[in-house]
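To keep things simple, chains are lettered A, B, C, D and E as they appear, and every chain counts its residues starting from 1.
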Amino acid sequence: MLLGQVAGKVWATKKSPALTGQTFLTVEVGETTLVCADCVGAGEGERVLIATGGAARVAAGEHIPVDAAIVGIIDP
Amino acid sequence: MLLGQVAGKVWATKKSPALTGQTFLTVEVGETTLVCADCVGAGEGERVLIATGGAARVAAGEHIPVDAAIVGIIDP
Amino acid sequence: MLLGQVAGKVWATKKSPALTGQTFLTVEVGETTLVCADCVGAGEGERVLIATGGAARVAAGEHIPVDAAIVGIIDP
Amino acid sequence: MLLGQVAGKVWATKKSPALTGQTFLTVEVGETTLVCADCVGAGEGERVLIATGGAARVAAGEHIPVDAAIVGIIDP
Amino acid sequence: MLLGQVAGKVWATKKSPALTGQTFLTVEVGETTLVCADCVGAGEGERVLIATGGAARVAAGEHIPVDAAIVGIIDP
């Protein structure tokens, strides 16, 4: 998994129907920005644990077309 | 997921039969160009959300041999 | 998917039995060289569309141990 | 698989319920830091073998949302 | 798939039980070193074809937690 820091939110009104109801956060991972489905209620600035690939769908649901999900908030 | 900007279209007359009917867009993701199946009707210049790997097939269909799909258009 | 240009062929007499009968082409993708199973009859110098990961097996067959497959030839 | 060196531990009190009971270690892999589920009882400083993607869930359990797992300790 | 050159062997006495009996070789792929399960009996210095991700498990067995496998030896 990757460690990152939540930077903000992303809104996409027009999207795959299966994404309805998901919250998408931008997360800085080193030099890269990933958009992650939020499975734990993370907030801006928090350090988080990100599951990628199929692991994101184990967390978010197999029928949700996501490849990155926040699965933990690192204890401060 | 990745954030990118639609740059153009790709045409491949000769292709895997399972790709027939798909629209393929080139999307700039940082320094990289990805070819993505378009699941939401995105247009050139729009900022989009890209699902990669198996997530692309959750969006486009399990029997479509794609590894990247546009699954949302970022609100302007 | 990735865009690349076919550079040549690869021969491996000693290989996993499940790879028998596959044609393997080297494809330049930016600075990188990938070896791809050819699903469309691509030729040297042609620009091609490459499916990676599980998408390569959707195109080539689920029991073929490949992680990259040429799934289209870009119209000239 | 990747070779890495265990650097430390990660605690996340708030996490996906399916991650409960897993130990998460930070592992240096070249310039990168990965967070890995520990399947073998590795300790700080040990050189380890890391399985990524679906292979991590073959080791840790299919319903555990992890994409990296320590699956071996390199003999000293 | 990737092209690489076998550099050596890796021993891990303490490992996931499902890895028992596998031979692990280090393979140089450009600047990177991967540890690969050997499915074809490759030797040090040989140029090999590497299947990554799920393709490695198609070659090595679905219940073996590996993400990279040598699936061919390039003809000299």
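Throughout what follows, a residue touches a chain if its C-beta (ideal position, glycine included) is under 8 Å from a C-beta of that chain, and two chains touch if they have at least 3 such contacts.
What you are looking at is a predicted structure, and each value in this text was computed from that prediction instead of being measured.
Annotation of chain B and chain C: not jointly contacted by any chain, touch as defined at the top. Chain centres here are Cα means. That of chain A falls 20 Å from that of chain D.
Between chain A and chain C the centroid-to-centroid distance comes to 32 Å (mean Cα coordinates, whole Å). Among the residues of chain C, those in touch with two or more other chains are 53-54, 56.
The chains touch one another in a closed ring; read from chain D in the direction of chain E, their sequence is D, E, C, B, A. By the touch rule above, chain B contacts chain A in their complex via residues 1-3, 30, 39-41, 49, 51-56, 58-59, 69, 71-75.
Touching chain C in their complex are the following residues of chain B: 10-16, 18-19, 24, 26, 32-36, 53-54, 56-57, 62-68.
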